[in-house]
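Per-chain numbering from 1; labels A, B, C and D assigned in written order.
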Amino acid sequence: MPAMDSPAGPFPVSLDIAVAWGEMDAYQHVNNTVYLRWCESARIVYFARTGLLSRKDQEGVGPILARQSIDYRRPVSYPDTVRVGVGVTRIGGSSFTMGYSVYSLAQQAEVASADSVIVLLDYRAGRSTPVDAALRAAIEELEGRAV
Amino acid sequence: MPAMDSPAGPFPVSLDIAVAWGEMDAYQHVNNTVYLRWCESARIVYFARTGLLSRKDQEGVGPILARQSIDYRRPVSYPDTVRVGVGVTRIGGSSFTMGYSVYSLAQQAEVASADSVIVLLDYRAGRSTPVDAALRAAIEELEGRAV
Amino acid sequence: MPAMDSPAGPFPVSLDIAVAWGEMDAYQHVNNTVYLRWCESARIVYFARTGLLSRKDQEGVGPILARQSIDYRRPVSYPDTVRVGVGVTRIGGSSFTMGYSVYSLAQQAEVASADSVIVLLDYRAGRSTPVDAALRAAIEELEGRAV
Amino acid sequence: MPAMDSPAGPFPVSLDIAVAWGEMDAYQHVNNTVYLRWCESARIVYFARTGLLSRKDQEGVGPILARQSIDYRRPVSYPDTVRVGVGVTRIGGSSFTMGYSVYSLAQQAEVASADSVIVLLDYRAGRSTPVDAALRAAIEELEGRAV
């Protein structure tokens, strides 16, 4: 697990993403929605590593984004690469909370932090379903600690 | 069918789309990829009207984009609404060609024209499949002429 | 001002936006980032109506998004049109908070609600600047009440 | 210069771009517009290497996309990385043509090829301007041959 002061922060999974020129908007900074695409890309890597991404096809159980919040600390512009750290910070009954840190390699500074609440959904039944022991174990193994 | 000199050009289907501020890039004009999103949105309306959109789920036969080309005539900026005209200009063995005209209501001018080749794909067999009589009839009825 | 039970909620500005087919992702619902593009589009209309959009070019003072949070209540799919209501819910020293409600016309239900904190930035000085009397007056006129 | 049979084809500049999960559309393949974002990202690298990207701010002379065409050879899905090769294939009076090859590392196959016509624009005068000797020299040095 990275140390607290690493670019990815306290998070066990991190992903480097190159900023595309076309992601800047008319204010000549990367558009606010792109930061959430970055978080999504890191989240998908986390889901793949815990087996959650393939369970949707196999068992009809998958994650759904219920809520997210983001603090924009600094504008980002092209060229740059962002390092997105992601981890699970809390496990609830049928949901869990993920935290994100977005760090600019060009600026050598955190440019955003975010949180999201993921609900586990049984797509066939159309309702939420409990976080089972297998998923909890996969998350805790990835986190390297009890959550 | 609209007259040749209407904003939608000679095309039987047209769709008005509001320009989003966030679609402008750092050059402060709508990004080049957005014009093709507009064409796609008009194409989907056309597919829906000919029954092609629902056939993919029902029969496993659906359209796939094989080629497109676009001429950018004028930059577009927010605020504006574009009127996208679309039609089928040629029917081949297992493909057809669509034409598009993108007209800016703010500029009162055509800002782009485009063409695309659509191949009819049998998704189950993984290969192209002939344009059948029913699809040809639906297209010709929408076009108001033999194609 | 619309009544509390109108689709746009208690917000004075609303904008109807057609869902584009291409905004759906592999889960066959509109991608989470698109909801924030919708909020942005409504926010820009609000900025234009209070004169804030043109002040950036004229005076070098403009809005910057510092924080946002969003609750996703229901998935959205094509075809649909969303009605986005937006208003200012609080004015601080050099920032203000905006609220949003996203309502699906096809589902006849609110599909998301969101909040964002906007900081007023003096782009030349590179620091925040107080919400002045003129901006406050423009906001309160649009809201139809003291904020 | 890469050999003709390399993934980047005959092009002197290449850029590896990771596919984002969220770039897939409801057909569960990367959306057609994203391929053109990839070409744009490679084009911007090419522009930067020939000094064209900074000339817009310095001299008011910059590139504008006048036309593009693309052949989609294979669908792309997440996870994958595409290698985009780009080069200048022809220099005209006040324009030049760029070619692109998009190669999937996961599929080990070319998934698209594209061409675009770039016009050199004097943004202050609002009209096209000749490809000057310095730009031609920068392009030919990058290409490693007379164009």
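To be clear about the criterion, contacts are C-beta pairs under 8 Å (C-beta built on N, C-alpha and C of every residue); 3 or more make two chains touch, one makes a residue touch a chain.
Treat the numbers as computed from the prediction; the structure is a model and nothing was measured.
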| item | value |
| --- | --- |
| Far-end chain from chain B, centres as C-alpha averages | A |
| Between the pairs A-B and B-D, the one where more C-beta pairs touch | B-D |
| Length of the line joining the C-alpha centres of chain A and chain D, rounded to whole Å | 31 |
| Where chain A and chain B are represented by their mean Cα positions, the distance between them in whole Å | 35 |
| Length of the line joining the C-alpha centres of chain B and chain D, rounded to whole Å | 24 |
| Chain C: positions in contact with at least two other chains | 21-22, 31, 33, 37, 40, 78 |
| Graph class of chain-chain contacts, one of line, ring, star, complete, other | complete |
| Chain C - residues contacting chain B, complex | 17-18, 20-22, 37, 40-41, 44, 48, 78-79 |
| Chain D-touching residues of chain C, taken from the complex the two chains share | 21-22, 24-26, 28, 31, 33, 78 |
| Chain A to chain C touching residues, read off their complex | 27, 31-34, 36-37, 40, 62, 64-72, 75 |
